[in-house]
Amino acid sequence: MAAKLLVEFIGTFLLALVIGMTALDSSLPAGLGPIAVASVLASMIYATSHVSGAHFNPVVTLAFTVRGTTPLRETGPFIAVQLIGAVLASLLSLWAAPPLPDGASIAPLALDVVPTLVFETIFTFAMVFVILNLASARPLKGNQFSGLAVGLVVLAGAYVAGPVSGAAFNPAVTVALGTMGVADWSDVWMHFCGEFAGAMLALAAFTVVDRESTTD
Amino acid sequence: MAAKLLVEFIGTFLLALVIGMTALDSSLPAGLGPIAVASVLASMIYATSHVSGAHFNPVVTLAFTVRGTTPLRETGPFIAVQLIGAVLASLLSLWAAPPLPDGASIAPLALDVVPTLVFETIFTFAMVFVILNLASARPLKGNQFSGLAVGLVVLAGAYVAGPVSGAAFNPAVTVALGTMGVADWSDVWMHFCGEFAGAMLALAAFTVVDRESTTD
Amino acid sequence: MAAKLLVEFIGTFLLALVIGMTALDSSLPAGLGPIAVASVLASMIYATSHVSGAHFNPVVTLAFTVRGTTPLRETGPFIAVQLIGAVLASLLSLWAAPPLPDGASIAPLALDVVPTLVFETIFTFAMVFVILNLASARPLKGNQFSGLAVGLVVLAGAYVAGPVSGAAFNPAVTVALGTMGVADWSDVWMHFCGEFAGAMLALAAFTVVDRESTTD
Amino acid sequence: MAAKLLVEFIGTFLLALVIGMTALDSSLPAGLGPIAVASVLASMIYATSHVSGAHFNPVVTLAFTVRGTTPLRETGPFIAVQLIGAVLASLLSLWAAPPLPDGASIAPLALDVVPTLVFETIFTFAMVFVILNLASARPLKGNQFSGLAVGLVVLAGAYVAGPVSGAAFNPAVTVALGTMGVADWSDVWMHFCGEFAGAMLALAAFTVVDRESTTD
């Protein structure tokens, strides 16, 4: 299990570092942050999914636990290293990011409850639905496009949900945003609820689709 | 068939939601909307084409019906859930998109008849020709690049046809643009005609190419 | 052969249309044109290389003719339909592109002889070297990444050679640029020389590499 | 071995040329340089990894030497042609890049020691860890995504480490940056140390992960 935990740590750390640096670096042209985030995610999925499944996300680990793909004794350690990786990456980002112009400080996202819940739910749903199909649908066994497909749905989600909810889709990322002051700690429950709901809805939809399409 | 209808609904809903939010959100840097749209389309094709064929587009469903790939009894339900998904996504986009600066309201696209017809026809042709080859050409059976190839032709088409025709290539998307006020209802017939013509031309070209290249 | 000529026509027409529209449309954010061009090229390669080899480029056809992959009786017709497709797409672009602001007219590229020759040669070399390896190297037989790899080298070449030489890498594209007034007819010989030299150098390098690496 | 050295030269030359031209060309919209760099790298990996392994990077060659994949007698020649290719490409970039506006001259990167070391280490680690998994992990044998996965991790690294360390991740690139005056010669030791450390850490992490995951 050490190998699995190591790659989950590496992957989540790098994901959160790219999110942190692009969120804090005001010199990056607008709109390129999501490209960097989707790129590192896709690359790490390609490099490591044969080891740990490349979750990098507590609600993905939960969904695979409910499905029985991830054994229960791995669930806690997976989530723990994901959170540790994300927090360390946030601290590194805070230390390394160039200062904001004019000594400005980071303004946390102003999040409205209902839109935040709706968009975190919808795009976490989309991402987890993609992940479950690519990882578990029998006709897609051995496919070569899981990194690409997951990266692309996150890219689209980041552009669309970004201005509404902050586009985390991942409790470890939400904790990173809180640690950096990009999200207010009093708001992170909206993310957690949407992320959990989205993942469970995706699991339900996948279960229906998978049963039907393999018995057809 | 429930599984197929569910994924057609999910895919078209997400496609139209990304189109809607990027069309209505004036804070997104120019030119990034098409990247988000192509990304979500490619990702959903990868995740679901083993279930329903991943049409997400009434004229694609029509083309597969004429070819005999989609049985006639599925054609109507497919198109119905695609339209329902697109309309629901438009309503959600209208509700969630940040307000335009200075209280401006959405100006519908100013479309000229002939250029709109020509560009919707050409790029719907290009997209459906790509889809038909990837899905049905025998030498490409089992290929792993259909999501990518369809996403890329839509991306190019969105940049090129966007300023001319609005770049829908899909009657469900056209209905979404109408619902959001991005296209004028009195103009949508141009889209529908171009989309239908493009799809049928693609079917004709594919039929010629496929017969010749497999009998060579 | 009709199927091959039809897809060569379609592919080169769409490639030149995307180049033409993005070159003439001043409303497209700078830097996005090459993304559209690389995207349509990659997509058409994926969709049609099983039919014609997806050349869309007279010097690629020449290189495959010298190698013996393309039979001599196909060389002339391939190049003819590529040129016809490119010219028709240029005329369509001139007709459809939105007028320049303030009634300005298109200024042809100001090309210096030596840099133009050098950069057209280098990046045509790079592109044709990639194409030859992907299409003909035995260890890469049946690979699924040829569209992507060719699109990406063209994308890089467009960014780098664009400001120096106009980044055609393709005599059919050069003819399209001439037809639209984007390149001066008195300058196109530089493109042709660089494109021909680049393709022949790529053929030489590939021949050396391929012989050595398969006899190792 | 001549074939291997030729493709290592071609690949590193093109990589450094794209880096050089996009670093020196102030007309390229901000943020597009990394896309061009990642694209040419991915494309050349796809086209040539069956010949030489497509290192294009002295620390990658070192890592494969330590692993035993690259025989010791090839290590020196590989690194030599990589450096020669990078220097020639820098000189060509200096000659061909459009002059800076107002006769300005190139300002070398202002690098702080610790952040530069940290970010060169982290992203060289990430890149080499991806490369080692894709090239050597048994479950990934024959995969079709190595070009894409390496290109994407470099793209993310370029956006994130660019403003901090200059984002070389490659001693040949560092030498190119020095030759062009983009990096100060007195600073390149920071790059070299970070690149070497990152590659060796990646080798260590890969060795642990690979042993564990194949004995599970």
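Going by the order they are written in, the chains are A, B, C and D; count residues from 1 in each one.
Following the convention adopted for this analysis, contacts are C-beta pairs under 8 Å (C-beta built on N, C-alpha and C of every residue); 3 or more make two chains touch, one makes a residue touch a chain.
Owing to the predicted nature of the structure, the values given are computational and were not obtained by experimental measurement.
Taking the definition of touch as given, a chain qualifies here only if it contacts subunit A and subunit B alike; none does.
Different-residue interface: subunit A and subunit D share under half of the residue numbers found at their contact. Centre-to-centre separation between subunit A and subunit C, using Cα means, comes to 39 Å. Remark: subunit C and subunit D have CA centroids separated by 27 Å (rounded to whole angstrom). Shown for subunit D are the residues in touch with two or more other chains, namely 29, 35, 144-145, 148. Taken together, the touching pairs link the chains into one ring where each has two partners.
Of all residues in subunit B, those touching subunit C in their complex are 29-31, 35, 38, 115, 118-119, 122, 126, 129-130, 133-134, 137, 139-140, 143-145, 148-150, 152-153, 155-157, 159-160, 163-164, 205, 208-213, 216. Of all residues in subunit B, those touching subunit A in their complex are 2-4, 6-7, 10, 14, 17-18, 21-22, 25, 27-29, 32-33, 35-37, 39-40, 42-44, 46-48, 50-51, 92, 96, 98, 144-145, 147-148, 151.
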